[in-house]
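Should a chain be cited, it is by its letter among A, B, C and D, assigned in written order, with residues numbered from 1 in that chain.
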Amino acid sequence: MFAETKSLNEECGVFGIWGDPSASQLTYFGLHSLQHRGQEGAGIVSCDKGKLMVHRNLGLISEVFKNLDDLKRLSGDRAIGHVRYSTSGQNSIENVQPFLYHFYDLDIAICHNGNLVNAKSLRRNLEEDGAIFHSTSDTEVLIHLIRRSQKGTLIDKIKESLNLVKGGFTYVLMTEEKMFGAVDANSLRPLVIGKMPNGAYVMASETCAIDTIGAEFVRNINAGELAIIDVDGLTIEKYTEDTTISIAAMEYIYFARPDSNIAGVNVHTARKTMGKRLAIESPMINADIVIGVPNSSLSAASGFAEESGIPYEMGLIKNQYVGRTFIQPTQELRELGAKMKLSAVKGVVQGKIVVMVDDSIVRGTTSSRIVTLLKEAGAKEVHVRIASPPLMYPSFYGIDISKSAELIAARMTIPQICESIGADSLSFLSQEGLIESIGLKFDMPYSGLCMDSFNGDYPAGLYDYEEDYLNNMTEIQKENLRGG
Amino acid sequence: MFAETKSLNEECGVFGIWGDPSASQLTYFGLHSLQHRGQEGAGIVSCDKGKLMVHRNLGLISEVFKNLDDLKRLSGDRAIGHVRYSTSGQNSIENVQPFLYHFYDLDIAICHNGNLVNAKSLRRNLEEDGAIFHSTSDTEVLIHLIRRSQKGTLIDKIKESLNLVKGGFTYVLMTEEKMFGAVDANSLRPLVIGKMPNGAYVMASETCAIDTIGAEFVRNINAGELAIIDVDGLTIEKYTEDTTISIAAMEYIYFARPDSNIAGVNVHTARKTMGKRLAIESPMINADIVIGVPNSSLSAASGFAEESGIPYEMGLIKNQYVGRTFIQPTQELRELGAKMKLSAVKGVVQGKIVVMVDDSIVRGTTSSRIVTLLKEAGAKEVHVRIASPPLMYPSFYGIDISKSAELIAARMTIPQICESIGADSLSFLSQEGLIESIGLKFDMPYSGLCMDSFNGDYPAGLYDYEEDYLNNMTEIQKENLRGG
Amino acid sequence: MFAETKSLNEECGVFGIWGDPSASQLTYFGLHSLQHRGQEGAGIVSCDKGKLMVHRNLGLISEVFKNLDDLKRLSGDRAIGHVRYSTSGQNSIENVQPFLYHFYDLDIAICHNGNLVNAKSLRRNLEEDGAIFHSTSDTEVLIHLIRRSQKGTLIDKIKESLNLVKGGFTYVLMTEEKMFGAVDANSLRPLVIGKMPNGAYVMASETCAIDTIGAEFVRNINAGELAIIDVDGLTIEKYTEDTTISIAAMEYIYFARPDSNIAGVNVHTARKTMGKRLAIESPMINADIVIGVPNSSLSAASGFAEESGIPYEMGLIKNQYVGRTFIQPTQELRELGAKMKLSAVKGVVQGKIVVMVDDSIVRGTTSSRIVTLLKEAGAKEVHVRIASPPLMYPSFYGIDISKSAELIAARMTIPQICESIGADSLSFLSQEGLIESIGLKFDMPYSGLCMDSFNGDYPAGLYDYEEDYLNNMTEIQKENLRGG
Amino acid sequence: MFAETKSLNEECGVFGIWGDPSASQLTYFGLHSLQHRGQEGAGIVSCDKGKLMVHRNLGLISEVFKNLDDLKRLSGDRAIGHVRYSTSGQNSIENVQPFLYHFYDLDIAICHNGNLVNAKSLRRNLEEDGAIFHSTSDTEVLIHLIRRSQKGTLIDKIKESLNLVKGGFTYVLMTEEKMFGAVDANSLRPLVIGKMPNGAYVMASETCAIDTIGAEFVRNINAGELAIIDVDGLTIEKYTEDTTISIAAMEYIYFARPDSNIAGVNVHTARKTMGKRLAIESPMINADIVIGVPNSSLSAASGFAEESGIPYEMGLIKNQYVGRTFIQPTQELRELGAKMKLSAVKGVVQGKIVVMVDDSIVRGTTSSRIVTLLKEAGAKEVHVRIASPPLMYPSFYGIDISKSAELIAARMTIPQICESIGADSLSFLSQEGLIESIGLKFDMPYSGLCMDSFNGDYPAGLYDYEEDYLNNMTEIQKENLRGG
């Protein structure tokens, strides 16, 4: 579930609460539960008696709010918050959300999870018309569209603007009078609604944040919906009828927290089922032990062990103290530094035939390092089992897998990957296995999943990214698409 | 293995390396592997061409060494280091180790793991004789004894001094010419020796630190031994013949990292065996799932599951981002703040009969909170299984369980504890079960374990603590001792 | 010259350099020399091979650039910089300049000294047309005007925009290809051009910054001029012909550094002449000593002493270590805290009849405190001599004297002020005395000075401020205007 | 008075207060007034109900106490404090005072100003007897002597110890029951006593600290005296009868604040008189202006101007914002960086014959730089007048002038120095002129001044420094001593 050991990163988590006197503190707790979705920046905007106030900075939510006073200053019974991961390296304070705008006629705060595929062209059109952008974030595009909309009401301006942006996204907005939550027309990124015992409404990227603060789950915000919360309570409207359900499969595989439910499916259970299915699809009869790569693969590994009857052991442990502040060692010790995050348990793996279950392989460097760790610790054989299909295509809807050339499965066949990472054998879960393990029941392609990274099928289109994507396809990608 | 969720704390980890040009950097890595033994302060002393240099501060090793320059400044081919946990609340910079002393005739650095039971009386005697102490740490006592010893050589001074201090301890000392490692006469606290491929010698509190930097295990430093490393290599001498092997059982149960071996026994394996034995001693036939309390009880829980055949599930997850900087919420939200560290996975436990395996119960507050979490998440029944015997007596040899009144098992019977924490049933591992699960083979009491917290048998005596201990015994403690 | 002991604050200093390989370091030095013009924020934008880079933050320039690396990162042979004082309390990072904008067709950086009197109405018009502002700073208005201008070239866009903004201002702008410096149509705020020995051009708010980095003074940028620096060298164009010279008299009296020249007149010399003239206008025959209030009044005090023949003594000293980080003492000690900045020298003033020369009186609280200090230290009599006329009207062109009610001279007659501050006598310099002491020779009203705060004559109009100003005039202000 | 522009540094300031409920806050204010005596570290120890508490760190007092809470935590009605300058480069936290010791029978805090000339041998003797030192500071020696004294009472132990240490020093000590202030047998370093309106007693290195907090001057602590403050009030005892008055002349010339009185003589007045005397001894008939080097020479310069009738002008200004955090520029700009602290006022000095008055010349580098600055600014001639005699000998009693080779006057004749610094003429004040300008009336050598740096006469002996001093004497020093 946590993104530290590989180059797979979610782009942000959002949160909002309306109607609780501890709004900013509950937002602080909620953002803690969403911290795995972004560790580079965090912020909260609260609203008290018509005044919107912000505190945000680079770092973890616990670093941004080191003093209780900073939180107490954010008074009021409504607040929105954000944890951020940046894909583009523009990791500067200007890009930390929520953004807060003070206009002569309106104060509005906004935060965002996901990626727009037509942001670049929208931005250029806006700039040609005199607009000034202050961040490199896509989030700003929506606010420019809203402010330039000729519609009569703010709700209609927001709806019109949501129809102009394409890709995978959720937005949470707050004015003095209303809070809004919007989901893209494919529901690629998740956003759920909960309700506190005192009647306050909550929105969050994942149900774990709802649970953490003691709220009850109300419903998901579905594809093309705009949720509106104000003194009259909760209203859900559609801003477009042109919708398809295609929930990002990677949320189940890697990003979401195991205790979250997405579209009614628990993430841990989905992962454990993937592990079981993997054990059926790619059995390892003579192995001594099954181990998982902490932390994201432990569910799948326990499923594999249970299904196969091979004992599940703690063969790798993660050093929880190696955080972002870990200094880079000198060149000669760099390999040692990389080894600090994970350790192989010699007493467990020595002399054993090991099944190592991981959730995915991106560039292959992490897998290669772990196999080496296990062999150095005395493992006789290391058989790698990946609880998802090969990542063959980049993602453009809010996950940081944007370059084809970085994906080892876009450049190599499975036997080549196996050799490259030094494993004794390597298997992946099938696409069907993945879809059935998650078990969505929508009458939609892939039962309602977005499988873009596995099959190159982009449900929300590519827009500004299309030309570059097509120009940089690998032979394996092209062949696979022809084959498909 | 990690001490965050309960009030059980180890007192420090020590490390030393002799003969490697990257000595301070390897110490930095080694201390990372020992970080679970103390998170309040850290430091390194290196020695280059006869000059000893120090860098130390409050915080994690990664916080103390934020800049590579601080590490590079510690040049030389030998270094010692320390991570600190303080038992007494004297969490000030003065107490952060290693201590470094510049004398007219000698430079010497010293660091220490453990607790002396006669430190107070030794200190008073020394002060009456004009000695000046600058910290509240026991560590300083040894250096005063050494400097006042009338013996002829430094080695003899050290040996004489080691015979004067009582309790559980390991010391690592470094002068311009030698490095020393000492273990108490009961080997209550662990210290091991390793060797780098280039011949450099390493000492560390746990084997995981040896493994991390790529060294081979050489041997344990045994009860009453003093290891001496210098240009002539490694020498082991005994400073006393009056020794008994009584290794702290709590190292296996809770403190040590799962990938460490103590006295040749892997910690994860010992824990898993405790879990298996617990499943035999206290079966739960009709349970639906087994869950462990992350992270220290996961090994025991998987053992319980494997032995019992009940599926092992991830029913609790730990928020890895809730660190030491987490701000204290206001009073009304305090309970919520406490819930941030651990979350119950509703999708897993809802409607289930749950076996919750934990390694130990100290004050009972954490267990109570976890049972509540699970029930709130919908668990039908929660049966608590503790993979060690009841903690009935305080510890004085370097573990932070010093007050009888804080130990719930010193105040309540098991049925009372069960009711107090809200569990549907509660069982502990037997003392025999613990001893046999760890499986030491020494021809010593309890096969070579120190069982003090379970049976009140203090192998190294109580000295300065005796009076207070006897005056504060509970009825249950007294009765239990009579019974024993 | 330095603003710490009274509530008079300049609004910023600007700097730019074009054509020197150490551009950002020279900007750093130049901004140090302008630090007295703003201590709340600072920043530099450099340009290297067409790329504009920024580093800015709250604090002094030496705090913003604590590491040489931050400065080295700002590579390139051209840079602009800013030190900021905020008038409105919006002391947040968003408002720290220079602002840097990345457009699809242009990168541009901008910084600003002064205040626009029609910013509010311009901003509202722009927002109604869809513009989004990200700061509360007036500086942003100009960039919106530029981006929305329909003119063909960037220079023409800038010129058009400069004609739309009213008030007292200087701007420095930088693109990949050019650097611009603009001065308002009244030359209320100063901006000068210098040239380095290597031919690099420099712009700065004051000549002291030119001198500091070893450049030669070239010329002032005059009212209504736009200086353009690029590969073809320096060009000066007029953006408007509708100009009047009215240089802010307060620059000579208080703000500028004594070593700067404004319009060819040295500031120290002007102040010393004011002091001499004051000694002629308001003699104190029987006084024992003349003292100045450090640091801004020392020049005037020495002039008074020289002219009057009364010895000049150091009767007050300023504690240079009481900076911005000085913590606020508790209520009962607040008076003591205020006394930390200035101390009376008992050994000098005891038993003496003292002439205390100060540059101005704003609210009267500082004067009152100093008179008390001197009397407590034993001064027999304290005669206050102010080296400028009474501050009777607010300023709107970039100096923080914006509320009529705060000005003691707008509420009291001179005898009332004298009593209020506890002085034995009080005199001010006459308006004619001030004009003649400075000695400008322009054939303009007041010989080319802006005397607004003394006589209510606002050469650049009041625009958005007019209504509020007229509604809040005091009786003394009205009467004085009638009298004038 | 402030030490920033030359390599002359005082070694610390001390403060104590007994009997005021705001003791630590008043200490904070008092230390601010003494900040010029040391900027490298600061600390306060307070005592509340028998408990001594400390807060100290590297940096200015305002940096050490950034939060009012840190000060409030130091509760109690008595406190001592310290500001530190380190001579030896051992600028580490361990050396920051006050030192606080907790013994089984006593808590004691100690701080110190000055330098012991026999510290090294005392320390070695103590170490040979088993003592352990934790800092490199001389201050620790006294506490070891006290703890090892065989005398019966603490007062007698302190007196015995004070007789063993040699050099120039003041000590302030505090226990739960008493506060002590001690001055060396030559009163080389100053320590004064004051009394608050509420009866609380105060001790401080300079009277300015007494004045700042509103206390009345009571008396100086004289050579060989020990002041004792407790519930019975103030008692002064002599710890030795072997005393001579030889107050460091450098306190008047450079170190002390102008508003302080030492032995009843105001420092500003002494400096102004030195300037007058210098004008008589070394007249400059045809000069246009007199300027002083800010800030320490302004008093002397105004005296020179007054006596000579030549106008006093502000020809040099000091940039108050160039503090300790100023980053070191790259090599090519280092000269520029050095110029940031002082600027010549071109408008004042251009075309003028300038008398530049400075208080002293140490290595000559600063003087050389200032002469260059003035000439570059257009001064026609620069005549340097130094308001003290040549610094020919090192100082060992608490001033950082310890190496003969660094003193330009120990290596060159006056004409050589003149040429070296590029001046048109150079004169120094005579030794008689200095003594008479200060005007002490003691019937002692040099009227009660220590003239060591001018004439090599060391009233408290040299002890551990003697050998090195004699071995490193220059020819000029030897010849001068023979001549004397």
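By definition in this document, a contact is a pair of C-beta atoms (placed from the backbone, for glycine too) under 8 Å apart; a residue touches a chain by one contact, two chains touch by 3 or more.
The model shown is predicted, which means the values in this text are computed figures rather than measured ones.
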Most distant chain from chain C, judged by the mean position of its C-alpha atoms: B
Rounded Å distance between chain A and chain B, as computed from the means of their C-alpha atoms: 37
Centroid spacing, where centroids are CA-atom means, of chain A and chain D in whole angstrom: 62
Distance from chain D to chain B - Cα centre to Cα centre, in angstrom: 50
Which pairs of chains touch, using the document's own definition: A-B, A-C, B-D, C-D
Residue numbers on chain B that touch chain A, as the complex places them: 1-2, 22, 25-26, 28-29, 32-33, 35-36, 39, 60-63, 65-68, 71-72, 208, 211-214, 257-259, 261, 266-269, 272, 295, 298-299, 302, 306, 311-314, 317, 319-323, 325-330, 332-333, 336-337, 339-340, 343-348, 377
Chain D partner contacts - residues on chain B that touch it in the complex: 93, 101-105, 123-124, 127-134, 136, 140, 143-144, 147-148
